[in-house]
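In what follows, chain A forms one complex with chain B and a second complex with chain C.
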Partner chain A sequence: MGGFFQVAWAVAGRQIYKYFTNPAFLAPALFPLFFFVAFAGGLTRVGDVPGFDYAAGYIAFQYVWALLQAVSMGGAFTGFSIAGDFENGFARRLMLAASNRYGIILGYTIASLVRATMTGALVTVIALVTGIPISGGFDLFGLIGLAVLVNIAATLFGAGVAMLLRTQQAGPLIRTPIFLVLFLAPVFVPLNLLTGWIETVARLNPFTPILTAARGFLAGDPTDVATAFAISAALVVALALWAVYGLRRAEKAG
Partner chain B sequence: MSGSSFLTQVWALARRSIVRTMRQPAVIVSALLFPMMFFSINASGLDAASRIPGFPTDSYLDFAFAFPLVQASLFGAITAGSDLARDIESGFFDRLSLTPMRPVALLGGMLAGVVALGLLQGVVFLAVGLLMGVNVSSGIPGMFVLVVLTVLVALGFGGIGAILAIRTGSVEAVESAFPLFFVSIFLSSINLPRNLIEADWFRFVATINPISYLVEGIRSLVITGWDAQALFLGFGCAIAIMVLAIGGAAASLRTRVA
Partner chain C sequence: MGRDRGIEVENLVREFRKGPRAVDGIDLRVQPGEVYGFLGPNGAGKSTTVLMLTTLLPPTSGTARVAGYDIVSEGPQVRASIGAALQEAALDPFLTGREHLNLQAALHGLSRKERKRRGDELLERVGLEDAADRRVRGYSGGMKRRLDLALALVHAPRILFLDEPTTGLDPQSRSALWSEVSRLAREDGVTVFLTTQYLEEADVLADRVGIIDRGKIVAEDTPEALKEEIGRPSVEATPAEGVGRDAVVRVLGQFGEEIPAQPGAVAVRLSGGAAGLADVVRALDREGVRVANLRLDEPSLDDVFLEKTGRSLEGAGEHEEGEDMETAQA
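Right, the complex of A and B next:
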């Protein structure tokens, strides 16, 4: 067990060092920030649509989506880093040296959490500057908890794909499904205002209850909390198995 | 060199540009699929916005139809710019300059490829949009005008892609400009009419952003019919961007060849 944590800390330490010595480590925050500015700035009047009943207002409504997008993209970018490590040969040497290879997955996940903390903080600072009201009190810890679980799930998904394909060309296969899951949720208006095919898809999308609960936390009106945490935890478990499968395929490939 | 010989050169390079694009199914699929996917998601997700008092139409699908056309032009510009940068990176451009072929023919050929892709995208999106239920108020003549305006927009963006390609000679540099283009589309009246944008700074940015006028020109044909002012501004901006961008690309080309 000691080997598991030793490997995890070593991998995490290297990744975190790489992040802080490369200004591009904030790149996962760029698209969420841009969407936040574009949607919160340009679509504020959508909050006036009859039936739009989010108490914290439209900017806060968009902030939660941007925050969860930032932490998800942090996970995706960690997947890109893993793929890069396989391409440049580092990951193969790491797998030869590691006494417990499962620690590699934990290490990348810890590093991803550090990155997501930075990108999430950046999005939050911008949102505070634009004047989002914080009315959730201690409920905000619920929002942070969900963001952490979303980041872990996205990281494990990206790690699984990266270890399975072991090439940076896997980038679109990591990024596109995450983008689709994020966009096929109630991005612009609450679920009750969606109609047609997007409503059906959003209702089936496991990210929707997570987003709804996260918005509830920010507004100080927690909604479907147990469902959101249960889905997040289930996603983490399922995607951890996916990452382990990717690791085993990488081991077999040598 | 006679005019017909120059046109022959442009045609040869245009054919090469078109064939190269058609031989990359991933490029065609992403150029057609991604704008329609975003359109479909945005139009459905923001359908409720058509209930905002003062919204110009009761169908957000009609309102949003300009989005895939403008976004597709952007994709086309990045693709064409990347191809041109690849020609520079691979040495094709240098070899070409050793032949009697005029370098400006390369630019003409590339832009002809942009026109072909823009035309294909305009026609396909129009067909898919009509099947999805988009109602073009200006009728069949308006559809022709809409495709012409889309092609002009594609040419303008294509010119900007060419400037980037010629000045940097790097595929990566052209590709990295994508977020900038993308941001400029969203910082316009693409999602809501300017008079319904509440944030003053955003409305100001959207008002000085020429993309707003391209979008509003295309949109007017769909939701209003024949709106002389919107069309004048739309065509005016498209032609101005096209002239400036192609002029800039030609100047960059002269500098590179010199």
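Right, the complex of A and C next:
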């Protein structure tokens, strides 16, 4: 077990160090900021639509989605890094030195959490500056807990794909499903205002209860909390198995 | 089976989809402290063998024990016992040499203090102290190879795998790396498994040589024994101006049977081996037979390869699939 954690800390340390010392790695943090500013800034009047009943207002409504989008894409970008490490051969160095190779997955996941924390904090600061209300019933820990689970799930998904394909061509295959899941949820209006096929898809989307619960935490109105955490935890477990499967395929391929 | 058994391989096979057997049932033994040269052309199966022995690629069948540990069921123990510098020095261009050593040491579980001490020691040993805090994207090929060697040694492994360590290096860097490998084996007792396609490298460094061709080991012994196996050395003399060829034939004929030589020259296979050269010189002097040129020809490992495979090692792999291709088919 010692090997597992020593490998994890070493891998995480390298990723985190690169993240903070190379400005190029900070660039992806701009995406959630762009989405937040564009959606919250350009669509504020949506909050006046009859039936829009989110108590914390439209900026807060968009902030939660932008936060979860930021942590999800943080996971995706970690997947890109893993794919790059396999393509340029650096992963072979990790595989060769790691007494416990599962520690490699944990290491990338820890680094992804640090990255997501930075991006999430950036989005939050911008949201506070633009007037997001901090009201009495605000459950910070619930919101952070869900964001952490979403980041871990996205990272494990990206890690599995990256290790399966072992090339940077894996990028679109990591990014596209995450984007679809994020956007086929009630992004711009609450679920009760959606109609047609998008409503059906949004209801089936496992991300919808997570988003709803996260928005509930911010508004001091907990909704679907148990379901959201159960889905998040199940996703983490399932995608951990997926990442392990990817690692084993990578081991077999040499 | 003891834990210091070096490397033991039995009937090791690796097949790739849509490809031939990259490694086709090889057997070999490498004793602790030995430098074993694994010689063969591109695509012969050298790198695939190394990938299997370093637990980076599972074998299709067969068994191998490295440092006494099974490469399939005891991978973590194998990895803790070995160091490896693979064909491509995979380094992170955004990290410095020192940061690479720190990372590698951390992966192996060395304490922070030990990491620093070991890093400084290895940087000095491979001559990279001055470049230690520069990002490796600015390193030359030789510097990257030296760093790669240092990384392989960071946890003081008992067994070191070097996969074509001098490919692409200039003669000076090659010579420096040879010195370091020799020192590791002679002074530190490290077992070295060295793959190469350079005959000279195997000849200079290896205690024993295994020659692999198309996935099979076709010969294995000390370089001297392999060369002796295919024939004794010969001596060729070119008569000086005004000296008859018959006089040279008469003298050289005392030391062995005549064999074909360059036009105008005389060559004999030395029945007493290379040690007979001094006697040849003395006899020529005693008889007053002057020669313009006298040359001792010893069989090379290329001659051994030619004898065993019917092809010359130089360029033998040029028309074969590269090992990268084999790996890509996995």
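Assume the second predicted complex is superposed on the first by the 251 of 254 C-alpha atoms of A that agree within 3 Å, B and C clash if a C-alpha of one lies under 4 Å from a C-alpha of the other, contacts with A are read in each partner's own complex, and residues count from 1 in each chain.
In the analysis below, a residue touches a chain if its C-beta (ideal position, glycine included) is under 8 Å from a C-beta of that chain, and two chains touch if they have at least 3 such contacts.
Here the structure is a predicted model, which means the values were calculated and not measured.
Peer 1: Going by the contact rule set out at the top, does A:Asn22 touch chain B (first), chain C (second), both, or neither?
Peer 2: Once the two structures are laid over each other on A, A:Asn22 reaches chain C alone.
Peer 1: Is A:Arg14 in contact with chain B, with chain C, with both, or with neither (first, second, both, neither)?
Peer 2: A:Arg14 contacts chain C only, not chain B.
Peer 1: Touch test for A:Ala116: chain B only (first), chain C only (second), both, or neither?
Peer 2: After superposition on chain A, A:Ala116 lies in contact with neither partner.
Peer 1: By the touch definition at the top of the document, which applies to A:Ile198: first (chain B), second (chain C), both, or neither?
Peer 2: Touch partner of A:Ile198: chain B, not chain C.
Peer 1: Tell me which partner A:Gly3 touches in the superposition: chain B (first), chain C (second), both or neither.
Peer 2: In the superposition, A:Gly3 contacts chain C only.
Peer 1: Is A:Ala127 contacted by the first partner chain B, the second partner chain C, both or neither?
Peer 2: In the superposition, A:Ala127 touches no partner, neither chain B nor chain C.
Peer 1: Under the stated touch criterion, which partner chain does A:Ala147 make contact with: chain B (first), chain C (second), both, or neither?
Peer 2: A:Ala147 contacts neither chain B nor chain C.
Peer 1: Looking at the overlay, does A:Arg93 come into contact with chain B only (first), chain C only (second), both, or neither?
Peer 2: second
Peer 1: Going by the contact rule at the top, pick out the chain A residues touching chain B in the complex.
Peer 2: Within the complex, chain A contacts chain B at residues 30-31, 34-35, 37-39, 41-46, 48-52, 183-184, 186-189, 193-198.
Peer 1: Could you list, by residue number, the parts of chain A that touch chain C in their complex?
Peer 2: 2-3, 6-7, 9-11, 13-14, 17-18, 21-22, 88-90, 92-100, 251-254
Peer 1: Quick check: in the complex, which residue numbers of chain C touch chain A?
Peer 2: Interface residues on chain C, with respect to chain A: 51, 54-58, 76, 79-80, 84, 86, 88, 90-92, 94-95, 99, 103-104, 106-109, 151, 327, 330.
Peer 1: Applying the document's contact rule, which stretches of chain B touch chain A when the two form their complex?
Peer 2: 41-42, 44-49, 51-53, 179, 182-183, 186-187, 191-192, 196-199, 201-202, 206
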